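Labels run A, B, C, D, E and F following the written order; every chain starts at residue 1.
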Amino acid sequence: MADLSTVEEFVPIQQKELLALLSTGVREDGRKFDEYRKVEIQTSIYEKANGSAMVKIGNTVAVAGVKAELGEPFPDTPNEGVLTVSLELLPHASPSFEPGPPDENAVEMSRIVDRGLRESKAIKTSELCVLPGKKVWVIYVDIYAMDHDGNIVDASGIAALAALLTAKIPEVKVEGEDVVLLESTKGIPMVERPVPVTVAKIGDYLVVDPSLSEENVADVRVTMTTLESGIVSSIQKSGSGTLEEPDVLKIYDLAYEKGKEIRSLLAKLG
Amino acid sequence: MADLSTVEEFVPIQQKELLALLSTGVREDGRKFDEYRKVEIQTSIYEKANGSAMVKIGNTVAVAGVKAELGEPFPDTPNEGVLTVSLELLPHASPSFEPGPPDENAVEMSRIVDRGLRESKAIKTSELCVLPGKKVWVIYVDIYAMDHDGNIVDASGIAALAALLTAKIPEVKVEGEDVVLLESTKGIPMVERPVPVTVAKIGDYLVVDPSLSEENVADVRVTMTTLESGIVSSIQKSGSGTLEEPDVLKIYDLAYEKGKEIRSLLAKLG
Amino acid sequence: MADLSTVEEFVPIQQKELLALLSTGVREDGRKFDEYRKVEIQTSIYEKANGSAMVKIGNTVAVAGVKAELGEPFPDTPNEGVLTVSLELLPHASPSFEPGPPDENAVEMSRIVDRGLRESKAIKTSELCVLPGKKVWVIYVDIYAMDHDGNIVDASGIAALAALLTAKIPEVKVEGEDVVLLESTKGIPMVERPVPVTVAKIGDYLVVDPSLSEENVADVRVTMTTLESGIVSSIQKSGSGTLEEPDVLKIYDLAYEKGKEIRSLLAKLG
Amino acid sequence: MSESVVLITQDGVRLDGRRIDELRPVKMQVGVLKNCSGSAYIEQGKTKILVAVQGPREAHPKHIALPGRAILRTRYHMAPFSTDERKSPAPSRREVELSKVIREALEPALFLEEYPKTVIDVFIEVLQADAGTRSAGITAASIALAEAGIPMRDLVTAVAVGKVGGKVVLDLNEAEDEHGEADMPIAMMPSLNKITLLQLNGRLTRQELEEGVNLVKKGIKELYSLQKQALRARFSGAQVEV
Amino acid sequence: MSESVVLITQDGVRLDGRRIDELRPVKMQVGVLKNCSGSAYIEQGKTKILVAVQGPREAHPKHIALPGRAILRTRYHMAPFSTDERKSPAPSRREVELSKVIREALEPALFLEEYPKTVIDVFIEVLQADAGTRSAGITAASIALAEAGIPMRDLVTAVAVGKVGGKVVLDLNEAEDEHGEADMPIAMMPSLNKITLLQLNGRLTRQELEEGVNLVKKGIKELYSLQKQALRARFSGAQVEV
Amino acid sequence: MSESVVLITQDGVRLDGRRIDELRPVKMQVGVLKNCSGSAYIEQGKTKILVAVQGPREAHPKHIALPGRAILRTRYHMAPFSTDERKSPAPSRREVELSKVIREALEPALFLEEYPKTVIDVFIEVLQADAGTRSAGITAASIALAEAGIPMRDLVTAVAVGKVGGKVVLDLNEAEDEHGEADMPIAMMPSLNKITLLQLNGRLTRQELEEGVNLVKKGIKELYSLQKQALRARFSGAQVEV
């Protein structure tokens, strides 16, 4: 909104300072516009979950826990497992988060992560069917934002992906209508690695992986989830600002590039 | 409460003016005491609903949508279909309506409409049974008050009735325990046309079909639902005022008379 | 907290007066420290409940209603009946109680009563199994605190126990997969009589069965549920104060002694 | 509403032995609770109800307060153990509606303008439900309000009439309510002869409607005198118990 | 998203006979309700939506008010009878999300700073859902805001593009949405050429993304002129009806 | 609570190899989060808990504030993935109760009167539950409060004793909790020798009760020294990580 003269006077002081800095090509924490913070991924941190991961992007921390349970399929997809993603913004993560049922921000972010996984067809849900029409694996992905220093959505999406990639579910034996859980385990059938990358627009500048102080002054954030092939499987503009038309492809290019880097980290999880 | 001297001073100024006008035999909008506003009924306005209707009473607008789904009967009526009526006061309809779960006014009005239909045995629920004890038609009537210029309850009740009268549900074929929905449709078995008519008491005057400004100053509203035969199948006094004993039959007579007029409009729906 | 000098000044005036009185060995209502108020128990007061009881402790009144319904067992205890205890602090009981879903105090108290019954294995839940894995008796104990003059938790626990001890549930005949309820009834299989007794700590004094004014100034309340054998089956410290180590056994001795007295009243119920 | 049960004989004797115009046995007590402003307990047949009044007291949150008068709030609620099948404690739509019409039945009797900025709460708890709970609740609530010292134009007294086995009868019990043809609860300020609650579920002709309104007045007259008796007992200092 | 249905022929003709770059039939009316500040009704194919604006009005509760500007609140909600299977009236997670992105699509167009301490409510009710409900809701909301007299930088206009049978097409209907490969709703301030909403569900290549953004502008241009026409009809005093 | 599993041998060795009076392996870290006033992470056996303190900060809504002291709020909550079967994220009655007793266990240690009109929030999130979560939560919460700079009379330290295979033992794990005969969590201010939390589920004789209270002190002493060590590590500037 920075080009609208009437709004000029409402630009908060921090934004002015940040813009001045950005005009010199530098970000507040010294990063380049297209530079992601250091990403750390730990997996299998909770033994009681089928899969789990903690992702740190700088000081931002998210964990994801995967629980798999046998349940009923949806009537319109009787031969497919079910994926359920939810995100809680823990009150630990920020003085501005309240405990309780998810607010619109938590709902939006969990739906971005969910869509990234679902629309990319990352999970071969047909292989999660145990007894057609009766028993399928229901995969719960519960994400916790634990420390909020900006860009929770990427941390959440990467944590969800890492937890899913390393999760183990029991093998089963079907005897008539009965399902027996075996001791042996197998992975969740993942055929894609959809990685969300968020770009913030501050004034006219696009910066990747915004920090908390950048988010606080950004006009808009856009999260794009891309696949190895270059396909984009989910886009979400968030925030009450605007984009120029050429921004769309610029953001795509940033998201795809950074997605590749993160995907290479995930490859090391084995 | 107008006859209680202690309350005199609390009578709002509008009520005084309205009473002065009523004492000359005229209503604020020029109607006679027993004159209903113009009623318009449109049906089959939403293709995805099994039945639908929009009713306008002057500037008051309500729509009703009927959805029929196969479901389980109640344990104590295993051979009867199920009727479920609910009413939402859309925030569109009035600056005083809040979005969200129905408040006591919406609950009361939907229960008046519900009782009018149910107690009159308007629907032959036994004909909605498909597989005794297992599958019956569940008929949802969802009513939306869209524009509130007084007397929402009549508009809602008439819309519900019009939607039910013109609804089409699939014919079914029962094969053992399986129910097959056919392409052909039939109507909902309606044997009565219960029409709610509301009368407001303002001071000592009874006026039919109150407008919003009349409702705002009325001591009491009474809704009576009558059938062609003259039977009254539901009564509800609403509002913190009182009635004299003779009012009951006076209101009945007004409700029955106006109910006949509205029933003749409904007859034209075919 | 009375021994912490920094808090001294915050001790409310009533507590000071009460402490002065207690230092002379007397309680505000003339009772001795280890004296329980008069307990009255009436049972079978509601014909529609399977069991019911009203307990008065002085002016404190609680009622409990027991309803037994056939339902499904929990998956991990397929051969055992289900016990469900809940407590509502009726707004009748105190100007400080709000209507609506139970607050943390009501939840805590119902869980104390529940644990007293459950952990003592008072009910032989295996005898409440009707069709293993499919149908068991579900026993609902709904407790109402009706008048709050202190020590609701004991009144509630005793009322629950009295209602259970005198409840009658139908005998059943199992024919294949069908369960037929017979006209004849039997009692709920109770093998223990767990009685909760509450002791308040005010300053350094321990007083049994606190009145409302004692509760209002007490640092801590401790409820211990004991059995005839002397076994303690539930303890709960409540309130933001502290206990000294020796208090634990002192309270136990009070609770066991008073529990015996109350158990002898219950024995008279037959 | 099947007629297979004979609810009333040719001679006008009902299942429980009552005549057409006969109330069920009624017991009322005022002042049964200590920690509220007013209270009453009523038994009408097997229906058992406990009512408490809290207030007038300061409105919370403050913004709900009205400058010129007290707010009356009512809560009609049924205990989980009050019905044949256990009732969920969450308020049903029926309870929401009844709370509203009961409030509107009591409000005309109260001089709410005497307590500006306050709230008066009336809590009606149905401990056992055997028909006629809203009317018995109103009857008890008005004497609980009187005990609380709220000035009133008149008591409010309520009872239902109904149609059973083709006849208009007074004060339905549960079997009559379930298998009968109509249920019409009415509340009045008896001395002022004003109706403050009027509802009907069921089917009545114009003539039955008229009959019903006449019959209900007999029941209300009897209940009114029991209300006054209960209040006298309370204020003459007689011992009362829940 | 199975391809068993042929959604588009070799010649680029879609199931409902439309060309790739063709909107569904659109009908818009402004001022259809009397008891709100502004209102609009839109039909886009079988999608039918009613929008009302209430406000600017005093914020309730007061503590939510902002000293320097109005708060914009939006509610996107689907009627229970709007979908093939009855929708529960409780707001779904999808409705929560759409309410948020719609608010953020409208907000850049509004001079909210002209109404400090107030609230402006936009209520979007989907009466029949046949794809494209969020974009049609935005299109209608912005003309309802205009009718309410809220000053705006530009209207906001929205429509979806998608990928169906391998082709990028304009304004999906429900069958195309369900069986197609991608759905990308976009909102713009057309004169200012700024994007205010951008979402994608589905799978697109970089090139398809580019194509989509270009195609959407054609649809937005056409809808923009229909919006202006509807506003002119309203303010020229033409009779409008729901 | 079946005895079919041998939870403890004749020699007093438990399933996991511990002695009767032995704690599980414990790991504590202070200052693991950046965007809160204080934080701590604890592992006790397989139990894993993250605690954050937010505040003292202004009370919202304002009317909950107390003029003479801070309000302490606690939230004990279990992650959906923390248990063998997925836990619904909605707070259970158990979580409501534990939040209350934990608050009452911490409150006696705090000089709340130093922060009038404010709120101090303690958020205890159980990431993996393997028995002893409330006591580990309290132990971690008190060092998080210390990191947040809230002045305290003493730390609060908690651990459970229980009865397993007929013996009173320290610090139950999940198998012992499930199959044992009793679980008695206790919190103390160790230097002041005062009990701030005391609960029992299960069956104990008078003598076992006495034994339990004695045994618990040994565990609390050890945990207390670990708490102080964790605080020293934090304030000596050592690097800590979640």
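Things to note:
In this text, a residue touches a chain if its C-beta (ideal position, glycine included) is under 8 Å from a C-beta of that chain, and two chains touch if they have at least 3 such contacts.
Keep in mind that this is a model prediction, so the values were computed, not measured.
Identification of common neighbours of subunit B and subunit C yields D.
Of all chains, the one whose Cα centroid sits at the greatest distance from that of subunit F is B. Chain centres computed from CA atoms place A at the largest separation from subunit D. Here the CA centre of subunit D is 51 Å from the CA centre of subunit F.
Spacing of subunit B relative to subunit F, judged by their CA centroids, is 58 angstrom. Under the contact definition stated at the top, not a single residue of subunit E touches 2 or more other chains. Residue numbers of subunit B whose C-beta contacts span two or more other chains: none are found. Within the complex, the subunit C residues that touch subunit F are 1, 4, 6-7, 10, 104-105, 107-108, 110-111, 115, 119-121, 222, 224, 227, 230-245, 247-249, 252, 256. Of all residues in subunit E, only 33-36, 39, 46, 48, 50-52, 54, 57, 75, 77, 79-86, 89-90, 121, 123, 125, 127-130, 242 touch subunit B in the complex they form. Those residues of subunit E that touch subunit A in the complex are listed here as 68-69, 93-94, 96-97, 99-101, 103-104, 107-108, 111, 113, 153, 182, 184, 189, 192-206, 209-210, 213.
Looking at the complex, you find that subunit A touches subunit F at residues 46-49, 52, 54, 59, 61, 63, 65-67, 69, 86, 88, 90-95, 99, 101, 140, 142, 144, 146-149, 212.
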